[in-house]
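Here the chain labels run A, B, C, D and E in written order, and each chain numbers its own residues starting at 1.
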Amino acid sequence: MSDVSLGKSVAFRGGGFAPKPHRWVGVLVFISLILFAEWGTRTGWISALTLPKPSDVLQTFQELYDSGLLFKHLAPSLSRLIVGAAIGASIGISVGILIGLFSYIRSGLVPLVAAIFPIPKIALLPLFVIWFGIGEGSKYALIAFGTFTPTVVATYGAVDNVDRTLIRMGQSFGLSWWSIVRKIVLPGAMPGILSGLRISLAIAIILLVAAEMLGAEYGIGAYILEAGSLYDLERLFAGVVILSLLGVLVSAVIGLVERRLLGWRT
Amino acid sequence: MSDVSLGKSVAFRGGGFAPKPHRWVGVLVFISLILFAEWGTRTGWISALTLPKPSDVLQTFQELYDSGLLFKHLAPSLSRLIVGAAIGASIGISVGILIGLFSYIRSGLVPLVAAIFPIPKIALLPLFVIWFGIGEGSKYALIAFGTFTPTVVATYGAVDNVDRTLIRMGQSFGLSWWSIVRKIVLPGAMPGILSGLRISLAIAIILLVAAEMLGAEYGIGAYILEAGSLYDLERLFAGVVILSLLGVLVSAVIGLVERRLLGWRT
Amino acid sequence: AMNNKIKVGALRFTSHAGNFVAFERGYFADAGLDVEFEFFQAAQPMAVAIASGDVDYAVTAVSGGLISLADKGAIKVIGGALSEEEGIDGQKFLASDAAFQAGVKTPKDLDGKKFAVTQAGSSFHYMGSKMAQAEGIEMSFTPLQKVGAIIGAMKSGQVDGWSIVPHIAKPLAGSGAVHIIGNVSDYLPDYQVTTVFTSAKHAADERGMTESFLEGFSRGVDDYAAAMIDNTADQDAMVDLIHKYVYTDRPRDKAAPSIINGTMRLNKGAALNIASIQDQLNWFQSEGLVDADITIEKLVDTSYVDIIGA
Amino acid sequence: MDIRLDGISHSYDTFEVMRDISLDISSGQIVCIVGPSGCGKSTLLRFIGGLERPQSGQVLQLGDPPEGCLNPLTYIFQDFALLPWRSVSGNVSLVLEDHGIKGSAARKIIEDVLARTKLSDFAKALPKQLSGGMKQRVAIARALAVNPAVMLMDEPLSALDSQTRELLMDDLIDLWTRQPFTAVYVTHNLAEAVRLGHRVVVLSRRPGRIREIVEIEKPLNQREFGDPDLDKAQKHLWQLMRDEARAADAELINV
Amino acid sequence: MDIRLDGISHSYDTFEVMRDISLDISSGQIVCIVGPSGCGKSTLLRFIGGLERPQSGQVLQLGDPPEGCLNPLTYIFQDFALLPWRSVSGNVSLVLEDHGIKGSAARKIIEDVLARTKLSDFAKALPKQLSGGMKQRVAIARALAVNPAVMLMDEPLSALDSQTRELLMDDLIDLWTRQPFTAVYVTHNLAEAVRLGHRVVVLSRRPGRIREIVEIEKPLNQREFGDPDLDKAQKHLWQLMRDEARAADAELINV
């Protein structure tokens, strides 16, 4: 304000509408929720039936780790997750690309995928037993089936969204059909496919529990189911926390892949 | 080719990469799949354990309709779906908008939502009984919980994607904060919110089965579960077909709403 | 009496017939109770519903979940219901056709085979485990969650053995898909399969109401036993009554054999075989499924009914 | 109402965008700001409109805005910034609603500004139905509706094809001739600058500083395409800027 | 190699886009096509390049393309059409790979065209790091790499700001002067048309027909900013098009 008599400053009216993350707030929220639960369960204000003591959950976790059972449960679950999701995602991406490229395949398969999408996978458990047995097969199949539909939808959406001028450019330089698909359509669809995978993999984790309903002795899902049937809340929560961490981990991995593969995005 | 000696025509090298739908192909695929299943089950080439005869499924459907049981099952399921999804979606949209607008809420809630997302709802069934009872409450809660997380994620993504110049424009004309939210942010986020709802509602339908695991006598989910536990494939498929139709219907309704509300999109 | 409104949890099984009869014949009303049934698809949520106070009384098998909830001070077993009794057709051990053809003719032959259970800590798990113990064999237990899934797995030969109530076992065996290879009662005589239970609060504070319930329930059980087991009353009328609740979606003539096949002893006066309960508790504890320091007193309130087998 | 920029400097973190810019914008004049890409023209305009705050220096309003002025400092954006879900008249009424102007009062204003921008027939059309030129005309109508003291235009014509640009320049000159307004007009296009500006401020490359201020005396309505005076001014401006423009263009963007 | 358009007419369904267009494009000449929005300029260019087929009439190649020509008819697009995931040199090599040119042969070509477009220092940069002008230069380099007989340019400069446009026009004239190429150049910008075109074809409003063909005699490298001959030609073109441009602008788009 060099000389106020000259006039008044222009009022500021911008800013806002651009939330910036403050990391520590997230951590704080988690910590205070846990402390609140601990306090509530300790004082009895929250009954033992409603929530387990967070410290007990931690202890259960510790025991699980010490006894080596953690890895005994984690290993089969991870292998189911990886194999199932790999099958479902790869078939889903292939089918999605075919739908994105060919009129007849699109017309034939899109309604089918739309019809399959809202089918709950647990409803099909009895059938999966017959179709794929109660071994690893049915678990892979269930997870694959669950990841398949969202992957297909995301993939053909991504192919549809590939910039058409890029494709016309390829044609105008006389590139072969296969070159255009390989060098333009696929890389162009990659961002959409990866963000679809984020959802598909979250669904795969969710389906782990359903998959391990079928004759799984070990596995995080089986562990959770057993805890549920025994109404053992500490173990139930320990299992849920593992799945939740797994989800956060998978999402972080995809974020990493995105940063590596999609560095070209603005 | 008026006069070939003049020169050769420019070769055509465009076209393609723009799949056009042929409606009848979709219908054809469905019909041929059904006919194939009918043929396979009739000849015994597909065992009765693997698939029911489509004609038997149809007959089961007919019986269900004639006996009036169809509506007895459909009515409670629909009301659960509507109430549960309405609760989940409305809370999800509100929270999503808050996350989209406020830094602190975003920092506090985004990690929480990310941690909740991969939790399988069926794992929490025993807890839901304690928390919400065995009446309609726990069914609403389960469906609401399942629709909540994807709605939140879609909504704050949609708010983030609202064109920032429009918001700056609002500020530059001295619009109040609340006017900007109401007249610019909300309508601008609508397309993203609606396409998020498409997924959330599909998930709500999928969760119907899990919800009706909790002491439901009537309901499509209960019907499917019962059929599954009796290994009654005709009824299982009849139930699954109903859910699938429901899903297609919901998606069509959202399409309609989009065309009405979002006619302004290019 | 007081005309109390109460909720009774039930599964649509013949083993819950005591409740159905007591209700239909007005025995609950006579005891001053206005009963409403709450039906469940599975036993486990029913136990949780008692704990949450959504349901007042119910009948179900002793399971790990039940014991856990009792340990949390939420529920109490107050009486007995279904029992294995010599001379009455009880639960069966089954072998899948594939296993049977491969030589599994008796429970002992299940050594090294897969035994189906719904979940770890379920009554199936207990029966199989006790049998294996008695025979000195090792089996692996395959959890399949749902009875339907187990039936599918048995039919397709993916699991080898299972144990189940007779009205499911017999028609399955009749179709040739599975074979009956033994009786549960041979290994677990006087097995207290299901018990009557309520919330710990009711057991402690609502003595009058609880006694009224047991009184009505016992009269229902008596009628059921008279008609179906002791043949001192009209079986047809009883089947009609039960058909109102069980197999309702089948015509009566198709439902009747299943209902009759499902007949098992319901303990008179809801007497409770404490020895069997103790044995079950011990087994759950030895398997590490429930806390090792849970006592029988925590699980059972013995003050309501006759205690047998002590 | 005049505007005075008083020693404005700004950095984003350690990234210096402009340095010590002082400028007077007097009432009834159009001041054009030209300069190479990234020299801070848009940022400067945001400072003037109060959408952002400079790190040092200040923007002063001298005198009071005229009677009936709802929004003294009003923007016109390069990409129109129309709400796609509102019709043409809805887009104009948006900026009236918050001032409590509704019903027939609003209708009167809307009809007036649509008539002045030759949009009367399009009141009910949605933005998606309009060509770029029409859209920018709607944005101009919206700005006129609040009766601004100063219009802040950030490359208002650069999203349009050059024929439409030509047409809209004529329209702007028309509007100004009928009722002179004050404007700060940012552009890359030197032809626009010499056509519309009473003064043209040339900024240097980043960090933007004022290199020269070119006054163009000829009255707006006498300026014509191919006018030798204007051509000379434009040539002079281009000579000033050419090398810097090339250097700015060849700069790698660190995203 | 010359191009002849022979009585080309086209409709999309019942929507007539152009009617009976005949035109000769002779080797070494730049033909500019101007016309109001929606008159079918881009469509016509797609016909010439074989990306779309006209309903009637035909596009003929007269004579053979010169030796070493990999892609006789080569486009330069308004929005650059660079693959964002490939570096500058990767974008150029894209169009060589399909012709089996790899390794050192490809490297030689790439180095040469990048040098001609002053991009040698940017071979490894990604498109996102480049300004608009640089991006279009990469697209020009890519087009040069296939040694085209005819370049088809659809408003190649209209996504750029006017200073960059000025710079790129100089570059194009430079390229042409060193080695004349044949080009069909579609634009809205009459200044560009008179600066670059040997002939300027003026189309009427939709359905597009040829209204006039203006020849500009002055050699390309002698054309300058503010040149009175060019100003006269541009003024003439603008008079021809002004009313139609206004009418085209005021048309409602039925999306």
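Please note the rule applied: a residue touches a chain if its C-beta (ideal position, glycine included) is under 8 Å from a C-beta of that chain, and two chains touch if they have at least 3 such contacts.
Worth saying up front: this structure is predicted, and the values here are computed from it rather than measured.
Any chain that touches chain A and also touches chain B is listed here: C, D, E.
Considering every other chain in turn, the ones in contact with both chain B and chain E prove to be A, D. Averaging Cα atoms per chain gives one point for each, and the point farthest from that of chain D is the centre of C.
Between the CA-based centres of chain A and chain E the separation comes to 46 Å, rounded to the whole angstrom. In terms of their C-alpha centroids, the spacing between chain C and chain D amounts to 83 Å. The set of chain D residues touching two or more other chains comprises 49, 51, 73, 128, 255. Within chain B, contacts with two or more other chains are made by residues 13-14, 49, 125-126, 130, 168, 171-172, 174, 225, 228-229, 231, 266. Of all residues in chain C, those touching 2 or more other chains are 44, 48, 51-52, 65, 146, 148-149, 152, 155-156, listed in ascending order.
You'll find the chains touch as A-B, A-C, A-D, A-E, B-C, B-D, B-E, D-E. Residue ranges on chain C touching chain A, taken from their complex, read 44, 47-48, 51-52, 63-65, 68-69, 72-74, 116, 119-122, 140-146, 148-149, 152-153, 155-156, 158-159, 289-290.
On the side of chain A, the complex with chain E involves touching residues 163, 165-166, 168-169, 171-176, 179, 183-184, 187-188, 190, 262-266. By the touch criterion stated above, chain C contacts chain B in their complex at residues 38-42, 44-46, 48-49, 51-52, 54-55, 65, 146-149, 151-152, 155-156.
Every residue of chain B that touches chain E in the complex is listed here, in rising order: 1-2, 6-15, 266. Interface residues of chain A facing chain B in the complex, by the touch rule stated above, are 13-14, 16-30, 33, 49-50, 99-112, 114-127, 130-131, 164, 167-168, 171-172, 174, 177, 180, 185, 199, 202, 205-210, 221, 224-225, 228-229, 231, 233, 236, 239-240, 243-244, 246-248, 250-251.
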